[in-house]
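In the two complexes that follow, chain A is the common piece, with chain B as its partner first and chain C second.
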Partner chain A sequence: MALEVAKFDKRPWVLLSPALVTITALVVIPMAFMLAYSFYLNVDLAVDKPAFQFGNWIEIATDKYYYVAIWKTFRLSMIVTLLAAILGYVPAYFIAMTRFRHKWMLLLLLIMPFWISFIIRTLSWIHILGHDGAINSLLLYLGVIRHPMDMMYNQYTVIVGFIHVFLPYMILNIYVSLDGIDRNLEPAARTLGATGWQAFREVTLPLSLPGLGAGCLLVFVLTAGSYVTPLILGGPNDFLFGNLIYDAIITELNWPMGAALSITLLVLLGVVVIVYSRLMGLRQLAKAFA
Partner chain B sequence: MRAWTLIRFYTVFVYIFMFAPIAVVLILAFNKAEFASFPMTGFSLRWFERLFNDPTIMRAFRTSLTLGLMVSAISTTLGVMASIALVRYEFRGKDLMTTFLISPVLVPETVMAVGLLIFLRYLHMPRSFGLLLLGHSILALPFVVLVVQARLVGIKREYEEAARSLGANPLQTFFSVTLPLLLPAVFAGALFAFTISFDNITATLFWRPSGMETVPTQIFGMLRNSISPEINALGFVMISVTAGVPLLAGGLARYFGRKNRARHPTRSLT
Partner chain C sequence: MKKMDSTTRLERLREAMGNGDIDKRDFLRLLGCAGITAGLSGGIMTSLATQARAAGTDLYFEGWGGVVSEALRKYAFDPYTKATGNKVIDSTFGGEKEVLTKIKAAGSTKGHNILHSSGVDWYMRWTKGGYGVKLDMSKIPNFDNVMESIVAPFKKITPGYLSAVPYDYGTTGIAYNTKHISKEEAEAQGANILLNPKYKGKIGGWGGDWANRAWFGALQSGQDPNNITDWNAVWAKVREMRGLVKKYWSSGAELMDLLASEEIWVTEAWSGRVAALQAQGHPIGYFDPKNGLAWMESMFVLKGSPMDESEQLLNFMLAPDTALAVAAGQKYPSSLDPTKVKMPESVTSLPAFDPTGKLASLVFRDPVKWNAVEKVQGRMWDRIKKGG
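For the complex of A and B:
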């Protein structure tokens, strides 16, 4: 027996190696290279030369514009996360606790949005809130308003768009957590004299926190890293930090700056993830896929 | 039980919030009017006709489809191998490897896109279909690992051990026992990878060479002008592909599963 344990088993490593090599070559090394590249000097449009200078970093550290973008991104991501948590908790609770025979249908519907194109789901809000959208058409038809209201292309539509796209992640994570709770706990609390609300607050809610936390982390990180939603649903002032990266690379063709900004975003969100994992651990995140 | 009624209404409201906008796209795809929005003036298939006769959109569709299938093949192969290693073997550093394989999920896609773009340009690989292929595969890989791993845990090892003890060699065991049991997991992973690639826009906008469009970037470009009704028709087709295929597959699996159980009643016990 002892011999067998000591023997090194190659097989798992053979199976793992293609994936490990791919991730190392296409994620880890590019990230490291990007850090080096952020010190390069941008000479002209899409032309840069190897250098070790702090110009890009000094610009990020001193220009107020970048702080505004970081603050905006943080604020918007917080709002989206909070609203998604409020909107998502109750349905998750319902799905977990219901005795409805076709519960699987509710779950299937919850997974459905993952199969539906992100850009279609985002632009669909133009049909709801836009000038000729459903709400305006309905109110005009009913005679409530004379002229269509301007509801599109501001930070609220960006928030709605984000919540719409990321809400399923939130609900799914909370659901997984709630579903794992022993069904006898709440009735037990009730027999001990707790009211329904107390039983929920003292027993169920604390036990569902890991799922709620995982959902919040996911929604926060996904929102803070986005740039497409503001481009589709926002006005000119509704940019996020990701939009600065997009502009630097695609519009201004200042790639070293784009690299520096990307590293900044990575580090900022990395801090969020690390703080979270110290508090809650990351295991819960994988559970939603089981 | 008034609280429960409230919870039920709240849930219904949230589901409406999630699906009403999608339903509106699906309905407007059949609108007869010149404009992409309300009011509906009648039922018409003209936008679908316009869509299928639009060479740019059809080219984008072919690009997305080819890309999605290739990405699916690559990341599923890598992902299934890695998942087998992670689920079936005990070895030192297993938790670390799991974390490492999943960790790209936590890197913002924008950052991942810029990193790979800059790195490959440094290696004199400019924006190309190849970059999209590598990039999408790496985006899909962690999700494939998550999905396949979750499915693999449910497959009992006893079947393989039985086959081995009855004299099958490891290769025979793999192909005649493990693989058939594995197929649903492989299929789920492949489907997920395809959808991730087919749907991706965040990274694709960075990686695509000029002139090459996938369906999402094509829609994104079309949005810049005004919303043409073609977009709704395109949305209808996309939703049919990405949501219809898994639903159909799931339905078929259920159907055949039931039929199989009916034929071999004892199997359902295992």
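For the complex of A and C:
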């Protein structure tokens, strides 16, 4: 027994303690508060009574309204993730493989959008796709169309808005993964008779999967947790689960229901992470940044 | 250096764009510059602004943004700061619920002093919630010029004292694009024009306020909005309209943008915002349907605010020169009594202006009836808005 105690190494815990304390203070405790709040009773607007009742949870579990929101959220997140993966792989590959001396400039260009507020970047699409926007103005000027096209306030614009904002996350993740691949592997495959496409498919793509997977997970979770983009760029049919949380907390002033909905979204996204872990293994996430 | 957050900066930029003060190219250029500037210098500027505000008292004001904020800043806040050294730090909201949420989350009213509060219903909510103050009217002598008819509903809620001073009033009627919809057609259809399938995909509506939506649902279902007996009929009309709507707007700036860009041709709209669009030369018509919604706005002082400075600001804002300049700027008639204060043509020509000072022709929301059903019916609107 004394031997076992002597073997216990405190150093990892000491090193981890600042992070653990921070996570506990900023994540665990607030989440615990939210969980407790989800059992409270909303008596009137902005008036909550401490209680231990399951009304909010029963409503979420039994009301089809919330299932529709979950379905819409996962569907849209999946579309955005797939499109971001397809659109993000090519530039990531280019940045990783280029022999351009100033590669840092390409990476700088990639992170430059982060200097501008997310909301401003989202709003900019109104001035690109709107009736008075750049595209309609150009087409009208060129005589291609006689009346402005209706391009705003639909699912398409919401997807465009999401991809615009989240694509850099995808590219960066894939890039880091691609950059870590031994440059000799593809030529080696070629010398063994593989075509360029085969070398990419059999060697580079599988080795870049950790980054692709990490990017997909990140984009999916970020999309599913959003509410501003549909609010600005969407029409009446475009909303995500986050918009229900916004409604409950901001417009209905019903914090217990807002807390229950927030925990629900957290659990649902937690399930996505677990599924990812089963398919890819969470250790692959670390590899993506290795 | 005046503190300005990114949202305010963007709001002003979009407003200038909407006003036609800058063209699209400049807008996009400034947008980029604003972002880069914010990224590079935001921290330094915030620190400098904090130091600059060290002198005088800071009063935190929250209002409706767009042309309304512009007018208040230009004709009331900036001159007040110049005259007294006290600074008014103004920001915008999409609705007072946002402020209430923030106050509730923070557990105090710190950072919130004066609200451009809408409607007597919100006055009731703030005061019943314990957020009101007792204004010392002897320090607001300009209050004597305010219409008795606009003060009475507030006094009814807090007999013996006031927590706010009524400041302006307006209507929510129907705005339509005259290039596509004639005046005769619009006025003949009244509130039902928002249900005309001919304009599917070109109809807008305010998404931020359940009561506004329900008011129009009541008109469309042939009911007295202040005495709704069949809520199912109201929501059936709202559902019908939803199927035709392109966008539920959430702020005055968004409303103006949608109408000006012709993304939508017809919507219910705030009278002052439409007047601002008309002044800019946009082909927008406006009318108040029968029993259309009128409202009065007040400058509400929240509990915990520096009282002397707040009362001083309210008095400054109610001075005829200031109040009338703000009215002409924000395009909403002033609460000053036109039988006591001579009004310029720029104010008397505003939509909903009542030269009698009695406001007898306008229909206001009955706060007792509407607040009582808000919890249930407000939630109903949130669901219907999403197709539920």
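By definition in this document, the second predicted complex is superposed on the first by the 252 of 290 C-alpha atoms of A that agree within 3 Å, B and C clash if a C-alpha of one lies under 4 Å from a C-alpha of the other, contacts with A are read in each partner's own complex, and residues count from 1 in each chain.
Here is the rule we go by: a contact is a pair of C-beta atoms (placed from the backbone, for glycine too) under 8 Å apart; a residue touches a chain by one contact, two chains touch by 3 or more.
What you see is a predicted model; the values in this text were computed from it and never measured.
Superposition model on chain A: chain B and chain C are shown in a clashing arrangement.
In the overlay built on the shared chain, the residue A:Met152 is in contact with chain C alone; chain B does not reach it. Judged by the touch definition given at the top, the superposed model places A:Gly225 against chain B, while chain C stays out of reach. Of the two partner chains, chain B is the only one that A:Ala19 touches; chain C does not reach it. Touching more residues of chain A than its counterpart among chain B and chain C is B. Residue contacts after overlaying the shared chain place A:Ile119 against chain B and chain C alike.
When the two structures are aligned on the shared chain, A:Ser262 is found in touch with chain B, with no touch to chain C.
By the touch criterion defined above, A:Phe239 lies against chain C but remains apart from chain B after alignment on the C-alpha atoms of chain A. When both complexes are overlaid on chain A, the residue A:Pro168 reaches chain B alone and has no touch with chain C. When the two structures are aligned on the shared chain, A:Tyr67 is found in touch with neither chain B nor chain C. In the superposition on chain A, contact is made by A:Val27 with chain B only, not with chain C. Taking the listed stretches 38-46, 164-172, 200-208 or 218-226 of chain C in turn, the superposition on chain A shows a clash with chain B for 38-46 alone.
Overlaid on A, the two complexes show chain B and chain C touching the same residues of chain A, namely 115-117, 119-121, 123-124, 126-127, 130-132, 134, 137, 231, 249-250, 255. Of all the residues in chain B, the ones that touch chain A in their complex are 3, 7-8, 10-11, 14-15, 17-22, 24-25, 28, 35-39, 77-79, 81-82, 84-86, 88-89, 91, 94, 97, 99-102, 104-112, 114-122, 134-135, 137-138, 141, 143, 145-147, 149-150, 153, 195, 198-199, 201-202, 205-206, 215-216, 219-220, 223, 227, 231-232, 235, 238-239, 242-243, 246-247, 250. Chain A makes touch with chain B in their complex at residues 9, 11-13, 15-16, 18-20, 22-23, 26-27, 29-31, 33-34, 37, 87-88, 90-91, 93-95, 106, 108-109, 112-121, 123-128, 130-134, 136-137, 141, 164, 167-168, 171, 196-197, 221, 224-228, 231-232, 242, 245-246, 249-250, 255, 258-259, 262-263, 265-266, 269, 273, 282, 285-286, 289-290. Interface of chain C with chain A (complex): residues 6-7, 10, 14, 17, 24, 27-28, 31-32, 34-36, 38-40, 95, 97-98, 100-101, 104, 125, 129, 201, 208, 210, 242, 245-248, 250, 257, 260-263, 374-375, 378-379, 382-383, 385-388. Contact residues of chain A toward chain C in the complex are 44-46, 65, 68-69, 115-117, 119-121, 123-124, 126-127, 130-132, 134, 137, 148, 150, 152-153, 231, 235-237, 239, 243-244, 247, 249-255.
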